[in-house]
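These are the structures, in structure tokens.
Two complexes follow with subunit A in common, the first pairing it with subunit B and the second with subunit C.
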Partner chain A sequence: MKERIRNFTKRKEFGIILIILVLSIGLTFMSNAFLTIDNILDFLRSNSVIGIMALGMLPVLISGGIDLSVSSTIALSAVVIGNFMLKFPGSNPVLVILVAMLSGAVVGLLNGLIITKFKIPPIVATLGTMTIILGAVLLYTGGMWISGLPAWWSSFGNFRLGSFATAAGGTTGVSTQVILFVIGCVITSFILKYSLVGRGIYAVGGSESSAIRVGYNVNRITVFIYVFCGMMTGLAAAAHISIVGQVDPNTYTGYELDVISTVVLGGASTMGGVGTVFGTVLGVVLMAILKNGLILAKVPTYWQKVVMGLVILFAVSIDVINRKREQAKLVRVDVEE
Partner chain B sequence: MNFIKEMKSKHSSEFTLLLIFIGVFIVMGILSPDKFLTSNNIKTMAFQMPEFGLMSLAMMIAVLTGGINLSITTGAALSSIVAAFILSSEFGKSSPGLSVVVALAACMLVSVLTGVVNGTVIAYVGVAPMLVTLGTKTLFEGLGLNFTKGGSISGFPEVYSEIGNGTFLGIPIPLLLYVAVVIVSYFLFERSAWGTEVYMVGCNETATKFSGINTKKTLMLVYIYSGIMAGLASVLISSRYNSAKTDYGSSYMMQAVSAVVLGGTSIAGGHGTVAGTVIAVAIIQVISTGLNIWGVNRYIINIITGGILIAVLALRYITKVMEDRKKIKMRSAQSAAK
Partner chain C sequence: MKMKKLVGLGLAAVMAISAAVPAMAANDPYKIVVMPKLVGIPYFTATGEGAVKAGEDLGVEVIYNGPTTADAAEQVKMLEDYITQGVDAICVAPNDAAALDPVLKKAREADIKVLDWDTEATKDLVDASVHQISDQELAEHLIDKMVEYMGTEEGDWAIITGGLSASNLNAWIQFGKDYAAEKYPKLNLVADPYPTDEKQDVALSTTKDILKAYPDVKGLFCVSTPAPIGAAQAIRELGLQDKVTVVGTCVKEDCQDVLSDGSLDLGCLWNCQDLGYLTVGVAKALLDGKELGSEIEVEGFGKFAVVNEKDVILGPPEDYVKE
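Here is the complex of A and B:
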């Protein structure tokens, strides 16, 4: 047991949990609105979109790649399902989600094929597709909003599971978007932990040439990763549209950097080979608490970006400093023996 | 003749780029001679290209070391905002000439500082450049927003707008500045000891370190240089718009990456020439301006730019594979003959 605790404290996730705890305690003292069930459920709901996208980005980063096109993909999926619902007002949420994921998967397939067939570095390839897809989406919509979505869609978006009493006297529950996020977490962690392709993703991220020698089909794994990322981004589009109730293709610019910083905060490395779903969830929660806390602590809007930037810098630096210290320790042990 | 041949074999990718540039220029000229080939349009391009080119050079030096600098546009905006404060203050109204000098100095100082922040965390702490500049991008944007409160700062002395809009002997001042910076960059990157270190760090940082080079110092200077280039671009932007705001020039970030990669710089670091980047910048500028005056939708221009980026890289890969195959065939034929 002692061994286990010691191992846990050494893990990356432990540091994030500590930051979350310190922040939460501080915020609870600062504002009595923070530690209420409806506030927590609320900020989880609004951050579930970035959370679902982060789950898609996680395998990409683990494999040592990157996907900048997610911000365009989510815009595309949102426009696709918006039009789908206007054309087929008689369909249902499940079908809409499937359409969203399918449209995302098509983009992912495109990314995967460009990266594997032409050996273009992921950062450049997805930069290209990001520009192309956003251009196409804005060209098609003319930058116009899509509204007037069916009533069953908004009732799907406002659905709450269970009922908890809130401080204000009403009741609240776990929202659809949080449920989608949880389902996404289960699927992603199953793929990463227990499937062959999941182990392959870590292998490719650790060392691509070794993965090839072991017998993994690296190209097929890479295509899978980007398709999966696209699917998750599609799901995130459905979640976002179900919150805001209309489609604005312009809102998603800059999402890719938010998503990447969330995953990195959760302990994944852009060098590849490292990262867990648990860590990513913690990253999402940390980001959510930060954003929520800054508002509750009445920090002016303009300072919020400064704080976010500093937190990202701090989090990525701490990780590297820790790793260096550990390496230094290893060297010392070698010398003593 | 021999000289041309030698140049061609040495700089084959730059030659191809130059041919593409000439081709694109001719095509645009043929398609709309009455609009594209006017002195007015050429002048417009000469005013627009320098800021894009400077941003691309800022990106290029980071990419040469195998890094990336996502904070160029917000760092640039921050330095121009600080300059704008001085320019629009009482001091700017009472003594316009002196205030421009002070503002430019402050702008350069801030851009050096943004470079120092990036460089410290990247070189001395050792965090991946992408993550650091992702953080500093948000940080600089936040600081800029704090100063401007989300709006824009305007009301500069008239002298200041001369920098971005004026001409000297009929040549636009931004273009003169750009040409000077390109020449300096060429000598710094490709003809100086520091430049060689930069390329070496991009190829193999560990090996460079063990060959006795202070890679930390090299990297630090790289990001300071990147900051200065972005700062110079911000001077041109704020002078052309006659105001400063956090999101001015924000579209240049991704465009700069495109130009750098299109220009033949390897995203993994270690390879790339200033000439390549400069020609790539000109190509993108000609295409976007050409299509723009042709009345093509802005979104289609974006699609085409993205398409070109992927197409050029795909083409480069395919030609490399074909060349390799040819070599293998030749070698196997040789060994068969033996």
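Here is the complex of A and C:
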């Protein structure tokens, strides 16, 4: 048991769990609205979009790559499904989600092919596709919103599973977007933990040349990673449009940074090789608690950003300190023997 | 063989066009450049539609073009190109007034009429300045409407803004706060403005959080076009249409849904198309040699007040309410 606890404190996720606990306890004392089922379901819902995109970004970072084009991909998918629903008002949410994921996958395929065929570094390749796609989307839409989506889409977006009494006297439940996020988590952890391609992703991120020597088809794995990221981004587009009910193609600028920082906060490394779905979920939860809790705790607006930055720095440094301590121990063992 | 023929045809066409150009220049329509802060956002797309329409109606050639990001240096470059090409009037919405001074001077020296619109350039350098409405008037109008829909002159209110560094939004907020403090002293502003990154979903979740932190808030004053819509959606999800008033600036087409069930009580903005139309109209009038008096007439569009010698005012904002 002791051993288990010690192992747990050594895990990368330990620092962020600690911070989430400390923050939650503090916020619970500062606002009685914070620790309510209603509020938790609310902030999970509003952060599910970044969460789903983070799940797509996770394998990319594990493989040692990066995808900057997600903010443009989500805009593209949103515009595609917006127009799809206007053209086919008789279709259904499942079909819309599939179309969204397909459109995202096309962008992912493009990224994957550019990276593997032309051997262009992911950061450059996806920076290029990011600009091209955003330009195309703005050219096509003129920046105009797409509204007047069918009624079944808004009932899909406002659906709640189960019902809990809220503090205010109403009822709430688990929203569509949270369900989509949970499904995304299950699929992503299955791929990373139990599939051959998942092991390959870690192998490529750890050392590409070793992965090739072991016999992984690195190109195929790379294409898979970016297609998967595109699909999740498409899913996130569907989740986002189901919340806001209309498509604003300009709203997604800057999403790529939010997504990448969330995944890194959750313990993944931009150097590749490490990262888990559990960690990413914790990253999403921490960001969500910060955004929501600081308003509930009535922290003055201008201080909120300062506090947010401090907590993020602290969360990342706990991990670094932990690792340093581990390394120091290793050295000592050598000397003693 | 075929290729040669095509090339020949092409050459002939080019020659025909170049022969036609001087002929057209003989009864040349005015060339008017209308430059927004940036292209590709709904607001400046709409103003562009108005400007182009005015061009068709008034028989002038309108070139509506601007940078893809709100970048003053890019505007300078583009304007210099237009001055070199030779145009009759330049109407610009400057991203940074001071940065545009040299290029606007250059335009005046080249006998080009210079106007600003949407946002002011340096006053001495423009022949006319087209304004949608004064910042103060808009802010005070929104506060009055908020109080009207709240049905009481006392209670908590909060401000939701697009971003903490946007100068026009900050101007509205400041005028609104000052006016509320003076005219409705029993209104209680609960906190500093909440930023929402110009994003509707952020406005939605922020509004929910504000109402959890301050359950007694009765009025929400929202500036930036996505903010009132996000706030109204939060009100709809919470079923608080009758308890919380939402007013704010938004584009007419985008707010119809949230107006329909009273989630949004009032949206308000000037007519973007009209602003573009008026800009071209004033430029044409000046090119025709008309003087700015106390008002200026645009053919087929109406008469508009002129204040401070050069400021042409489009008029009161349009209110969007449930139909």
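Remarks
Here is the rule we use: the second predicted complex is superposed on the first by the 336 of 337 C-alpha atoms of A that agree within 3 Å, B and C clash if a C-alpha of one lies under 4 Å from a C-alpha of the other, contacts with A are read in each partner's own complex, and residues count from 1 in each chain.
Here is the rule we use: contacts are C-beta pairs under 8 Å (C-beta built on N, C-alpha and C of every residue); 3 or more make two chains touch, one makes a residue touch a chain.
Keep in mind that this is a model prediction, so the values were computed, not measured.
By the touch criterion stated above, A:Ile321 is placed in contact with subunit B alone, subunit C being left untouched. In the superposition on chain A, A:Tyr302 makes contact with both subunit B and subunit C.
When the two complexes are overlaid on their common chain A, residue A:Ile312 makes contact with subunit B while staying clear of subunit C.
By the touch criterion defined above, A:Ala33 lies against subunit C but remains apart from subunit B after alignment on the C-alpha atoms of chain A.
When both complexes are overlaid on chain A, the residue A:Leu138 reaches subunit B and subunit C alike.
Contact with neither subunit B nor subunit C is seen for A:Val182 once the two complexes are overlaid on the shared chain. In the superposed pair of complexes, A:Ser46 makes contact with subunit C only, with no contact to subunit B.
When the shared chain is aligned, subunit C comes close enough to touch A:Gly245, but subunit B does not.
Contacts of subunit A with subunit B, set against its contacts with subunit C after fitting on chain A, overlap at residues 135, 138-139, 301-302. Those residues of subunit A whose C-beta lies close enough to touch subunit B in the complex are 66, 114, 117-121, 123-125, 127-132, 134-136, 138-139, 257, 260-261, 264, 269-271, 301-310, 312-313, 316-317, 319-321, 324. On the side of subunit A, the complex with subunit C involves touching residues 31, 33, 39, 42-43, 46, 49, 135, 138-139, 142-145, 147-148, 158, 168, 170, 240, 243-246, 248, 250-251, 254, 291-292, 295-298, 300-302.
Contacts from subunit B toward subunit A in the complex involve residues 68, 70, 121, 125-128, 130-132, 134-143, 145-146, 149-150, 254, 257-258, 261, 267-268, 297, 299-303, 305-307, 309-310, 313-314, 317-318.
If you check the complex, the residues on subunit C that touch subunit A are 40-42, 44-45, 68, 164, 191-195, 197-201, 204-206, 208-210, 212-215, 226, 230, 233, 237-239, 251, 253-254, 256-257.
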